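Below you'll find the structure I mean.
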Amino acid sequence: MSLRDVLSPFTAWKHVINDPVTIKDPFNRPGADRYRGFHQNDMDKCIGCGSCEEICQNAAIDMVPVEGQEAGPGDSGLRPMIDYGRCCWCALCVDVCMTGSLTMSNEYTWVDSDPDAFRFVPGVDGKSWDLEPKGYQREDTRRLTGTTRAPMGELAPEDRIGNFCEIVDGFTPEQAVIEADRCVECGLCVATCPAHMDIPDYIAKVRDGDFEGGLQLLYETNPFSQACGRICTHKCETTCAAMHEGDAIAIRWLKRAITDSVDKDRYFDLIQKPDVPETGQSVAVIGAGPAGLTTAFDLARKGHKVVVFEALDKPGGMMRYGIPEYRLPYDVLDHEISVIEAMGVEIRCNMRVGHEISMEQLAKAYDAVVLSIGLHQGRSTRVPGSDKAEAAIDLLRRITAGVEVPVPEQVAVIGGGNVAMDIARSMARLQKIKYGRVGVTVTALEDLDRFLADREEIEEAQEEGCVIYPARGPQEIVLDGETVMGLRTWKVQAIFDDQGRFAPKYDEADEMIHPAGMVVEAIGQMADISLLGEALTEKLEWNRGRIMIDSTGQTSEPWLWAAGDAVSGPDVIHAVADGHRVAVSVGKMLAAKREKVQ
Amino acid sequence: MRHILYRLKDRYHLGTPVFQRDDLCFVTVKRFELRAILTELRDVEGFTHLTLLTAVDWIEEQQFQLTYMVNNRVANLTLALRVMLDREDATGDTIHDLWPTAATYQRELREMFGITFPGSPRVDEEFILEGWTDLPPYRRDFDTLAYSQQTYNDRPGRVTHDPKTHMQKTLYADYPKGAK
Amino acid sequence: MFSFKPDRSQYPAPGPDGKIEVDLETGKYLKLWHGPNHPGITGNMSVELTVCGDEVVEGKTHVGYLHRGFEKLMERRTFIQVFPIVCRVCVPEPDFNEYCYAAAVEELAGIEVPEMANWIRTLILEMGRFNSYMMAMGGISGALGLGVVGQWMTYTRDIMLDRFEELTGARIYHMFILPGGVRAHLPEGFEGRMEEVLQTAETYLADAEKLMFHSSVFKTRTQGVGVIDPALFETYGVTGPNARAGGVAKDVRKDSPYLVYDQLDFTVHTETASDIYARTLVRFKDLHETIQLIRQILKKMPKEGEVMTNLPNVLHWKIPRGETYIKGESSRGEYGYYLVTDGTGYPRRVNVRGPSYTHAMALLEHLIPGTNISDIAALMVSLHTYPPEIER
Amino acid sequence: MTAFPNFEWVQIAYALLTLFIVINYGMVMTAVVRKIGARVGGRYGIPVWQNYVDLLKNIALRSKISHGVMYYLGPVFRLTGGVGLLMFVPTIYGSEWHQNFSYAGDLILALYFVFFGTLGMALGAGESGHPHSAIGVSRGLAQVTMAELPLALGVFALSLQYQTLDITEIVAAQQGSIFNWTVFTNPLATVAAMVAFVGTMMRSPFDVAMAPQEIPIGPPTEYHSSYLALMQTNRVLFPVAKTVIYMNLFFGGATSWAEFAIKVFCLYMISVVIGVVHPRFRVEQSIRFFLKWGLPIGVLSILVV
Amino acid sequence: MKDVDDKFLKNPDTEVPLREELRPRKVTTPDGQEIDIDPLRDYFCEAKPKVHPKAYSKIVEDFYNWARANSLWILGFGTGCGAIEMRPLMTPRFDAYRYGIQWRPTPRQANLLVISGYLSVKTLKRAIRAYEQMPQPKYVMGLGSCTINGGMYWDSYNTIKRLDDYLPVDMYVAGCMPRPEALLHGFMELKRVIKEGKGEGANLYAENFDQYKANQKAVIRDWDMPDYNW
């Protein structure tokens, strides 16, 4: 024991003259800048997808409806309520948040003698830390779920322009699994889908590699899954939770991946008619488009006898005659319809109601009639010379039917919707075949970013050489005698007036002549209702030129229903939804009738 | 590592070794040879450090896997021996005389998995749990959440809503769900 | 002058299983519980002592007061959901759990971690080691009644916690090392503020050294007490500073380097006496080594780079069947995670190999007989055990 | 000069006044000392009035569980020890008021009172039935006994030196110059006694009996509410009283309250200065320490005298 | 998160045999006498806890409450992870001593039981004993999510979910774990509650004693301690 060992401990006393290191005011000490304190939620950004609830390992989060947040497209109207009797401030909820709305402040003090008080909806129940800018936010991007779409093969513009081959390859099963893995299964998309398909469920099937199970799920809500997997307007993807930071899930391509991955012959094993007794009742469906065939599919599976009358020589309606082959190949459509036929649906082609058979006959012979005639008449701009213009829908039908159409070197298309793109791109292909070069001009009233056509349609059209002039109003089809020489347009300043009515205003100084040997009008279609006959037309109630129907698709006549484009939506998936709706309504009526008989 | 396994392979029944890393290998051995292998590893091959002893419940195969992980400190090699036990009659062989610490592991396994080790000191004493009357908790057929819900009270008043069904109810309650 | 060496011949001999049959009803012995409500115990555990006068005849460790069934809870959580709970396995040094778990998952799932993340992970682990050693230094001095060192050490640990808070966003449970990387980069000006902490720590450590290793009373209390025979190291699974105090220069960081330890220079300190004093001294030297390591890491680490890889969708992340064991050198010895996966979205089994498991159970029970009651607290602290990693 | 023959009843009142002053002084001083100790650790420490609040709080506690008569008497004995010690030692030299009941031979009584409280406490704590109390008592008694040995020897040397057992006379002999203090006239005895002083102040390194880390917290384990309040009072009174003895015996006593306050504080601080920076000894180590250092010096001091 | 197994039923048989050393038995004392002992009854009183009335005068009670509030003695019992923040709390950085908060190593001298986080069933048993041994009035503070609604151990088989089922709780502090600053806030709030005379948890416990005991016994299956511990 040395003297040093005895004395050196006393050196500690030098600290007695130092100031204490104590924090003087511990009550107002802020947490660090990225401290994970109490939650904040930006109500405007939050979409109520529930990913936070899903990932919370403490079951601390409940999704609850709150005042002032209504459910709507892409927003469930629910908001996370956090139980601080469970939370562990791991911030996984912040990391996984699809929109980045959920963050954490650096506030950390909450003391209460009531144990039930520790529950709140951040952003709704006002808290002192709601506006605190400091606190935890995830660094750069979301890492816990994928943000970029899986790559998919497609034809290059130069390879696809000279033919009508399908452009996109679709996901391979492996790619599909990778893409499906990104889905957080919130189900926000289901509400947006007109047919309310079980999107998260079939994506889950893809993820598990169970494509056959996925197919069965698809057919529960959509007998046109193959078609929809290609040409659906995929409104679902506009409400996808993943789109807020990164790409939306490619829901449409995943659907297609399911249908592509299952062997064509397996369809008939997987989609079988349910074992239900025949009812002996029969239904006539007018028009073999998506709405009519969906109705037929549903009713046939219920045991009714269904006959579909189609005016043209092949079933499919607008899917066949309106959509070019490069988007929806005909063999796919044929296969799709054959699955429906396997349910016992009889399709009689070349049976134009009004010619071969009349409405009265149908009404008499069948227990119910469903009108799903679609919109097969093109609308006209009615500008000078428009009688020389072609209707896009008409042209498309002729191209499909194999009828020769005139192909001039320059074509001008009026319209900014999908039909305009379809005809523009179809004509471009024909030009390429005929002349080796493309000369298509597309003009539309809207600005480019307001076009009704799908974004990728526009982009692909441009890639293929179609020139698009947005915000141009057609004034005249320039004629040289009987020959179309071009299209004269003015710059559009406004499409709608102050009241929101359609009243385009032009800048007359900015005039252009688009030289063209053909002008195609693609500004909308209408239904050909001549088949109804005068008596029936009189009897039915109408609404702005359309047959009035109730929410189930029934017209004012108890035996007549109407579905599809003719009465409602603009696309296949709406038609499918209509078909389902009408089928249920018809089924109810038939069941009531049966009961009466018994 | 490989040559050690070659040496052992001559005399014992070894399963296919899995080389997880260069210094970490898993191999399945037969229960009746375990003791001999462990002794040899410890005394001859220099695997003197018992890193851990634990069990895995493969309930689908009705088996318990005992993992004996031994480590050679000089060569920095870790060898894990797997022994499969029948789940119905789970009895292991005590190695507390090779490594006294094994007694603790065996006590834990006895309590948490219900695997007995006859002869191990204090093996039947309570170790972690107190007054436990249920299934050994680490067994796969013991559901901790169900047990917890049946035993303790949660604070009431919590309801959650699924976004999908909530939107279905508020937005399109009257839409017939397809052909379902 | 006096011999206080225990005369063991008067006590019953241990049976073949190591158990001592003590007949309490003779009145010669007294049962005494150390803990769980006891300031001298290292956390919430207890030791059941049988004393004869001042001397302890037998000690049984009782654990389980902190048992939450982690390994069971992990089995019903997805791989990402396990991440917040692993750190709770060891309160004073939680980062090791995060690292070992993350590394195990990464190995089985085949995920590459960015270089930058490895550096930050190493930094975090060393900062955690700093904290843990500070706890140990404060603990041993507290157990011996030298409260003032405990105060300083807790203060230094606390300012290090400030750095933790700044870097990770939390004080105690950092939840920072995710499978796939770490959560964030170093904040602006972090190196400077860290240097301040390290300098403060060094000042206090210099003072503490005088109060501990240069104090006659401290030496009297600790030298020659609680000696672990180096021959027992292997059989009792003694690792880390406890083994290094007995001359075994083994350190996982050196022997099988993980993270970026192969790019760092450090010494493995050893002592030979293997008593409380030696163990404390080894920790003390290692603490200085840790301070140097933190400086080194901050100097050598790259300034830019990704800290996190993109994970597959963690809400339904499946990992193929496999098993692995990841170990690291914690402040208490070899820390390891044994992870078994079965191809589902949930771990089949996670086993935590905490160094305290062997140190506080078999080894402590072996060391206790024959010691003085007064030394029990010091003995336990000198083994540096944390009960939550025993019972998990 | 003996106080006893001219005893007046008013002295009881004076003594009580002394007691009152000393208790309050002790209350504040211990708090200040704790604050100083805390400052070494880098803290502010308790407020100076904390001792009063604690005392009041303990009195205010509602439940009182007694373990028997001795359990109750333990703190009472202990307090009696403290009070008695103070009562029979002249607090302020030359002061009529604070002379207390000092009389010839009071040194013996004082030594007795130093020990009295501890013994009483031992009985009471033993009655409480808690094993920690029992172990604490046996350890505490062993240590205190050993620690008192050098004190006894030192005091013996002192009484030989001054040829009296009257504290007042011993104080009187030290008046005049600072070099008349025993600490200079008989340094060996002082050192021996100071060893004992440090040893009995219940501070490191000699506080193993009450150490919270080992046998928490020794004898008073079971004491609470009013019982604890009594002990608290004693905790502030007894060290001061004991310091008063040392001050009187070795450091020239005090002639005014100011001198009293300063000297007591300084003496008290000796044990604090040592205590704060040292770990504690085990019982047998501290006994060995007293035998090794305290005892020889005490014997030596006697031999020197 | 895995779904709950609906088929799982816990073992309803909750009889746990009493440990040997606690059974009533005959013992021969060192001096040769043979006596009957019953460890669970012999050393403990058999009276239920009493409801202690407040002081007669309001001024006195207020004064007492002020003293109680300013002299909080915490029992040094680290039941869960939150205990690690007690150390910074009592040391230089946060120095709770300056607010009159001190810690005591024995329940007899403590007024405040800080349940620092989750309680496993095994610790609950000890915490109840410690609580019951504390003199009245006594307070309980629950730290962190675990004491409020189970926290992150909400599905654990071995931890209780709601502390207020088993002990009367005066104050909760949110956090996992709460920082020392939040804890100090909690203490200040507790002081306020006590000063207002609302810190009557001990009387609440005495009033609803049977209820609390029933709850406690429902989870502590080897109830091998006396019902009354004081």
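The chains carry the letters A, B, C, D and E, assigned in the order they are written, with residues numbered from 1 in each.
We take it that contacts are C-beta pairs under 8 Å (C-beta built on N, C-alpha and C of every residue); 3 or more make two chains touch, one makes a residue touch a chain.
Source: prediction; values computed, not measured.
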Chains touching both chain C and chain D, listed by label: A, E
Chain at maximum distance from chain C, centres defined as averaged CA atoms: A
Chain whose Cα mean lies nearest the overall Cα mean: C
A-D compared against C-E, more contacting pairs: C-E
Farthest chain (mean CA position) relative to chain D: A
Whole-Å separation of chain centres (CA-atom averages), chain A against chain E: 59
Rounded Å distance, chain A centre to chain B centre (Cα mean): 49
Rounded Å distance between chain D and chain E, as computed from the means of their C-alpha atoms: 37
Rounded Å distance between chain A and chain C, as computed from the means of their C-alpha atoms: 56
Of all residues in chain D, the ones touching two or more other chains: 38, 40-44, 132, 212, 216, 276-278
Sites on chain E at which at least two other chains make contact: 1-2, 76, 91-93, 95, 98, 105, 122, 148-150, 152, 154-158, 162, 176, 179
Residue list for chain B, restricted to those that touch at least two other chains: 128-130, 137, 142, 144-145, 155
Every chain pair in contact, whichever chains are involved: A-B, A-C, A-D, A-E, B-C, B-E, C-D, C-E, D-E
Chain B residues touching chain A - in the complex, by the definition given at the top: 155, 157-164, 166-168, 170-172, 174-180
Footprint of chain C on chain A - complex, ascending: 1-2, 4-6, 8-9, 11-12, 15, 21, 31-36, 51, 54-55, 57-58, 88-92, 95-96, 136, 138-139, 143-147, 181-185, 204, 207
Chain A to chain E touching residues, read off their complex: 20-23, 26-27, 29, 31, 57-60, 83-89, 108-115, 118
Chain D to chain C touching residues, read off their complex: 37, 40-43, 131-132, 135, 139, 204-205, 207-208, 211-216, 276-285, 287-288, 291-292
Chain B-facing residues of chain E, complex: 2, 4-6, 8-11, 13-16, 121-122, 125, 148-150, 154-158, 160-162, 165, 218-222
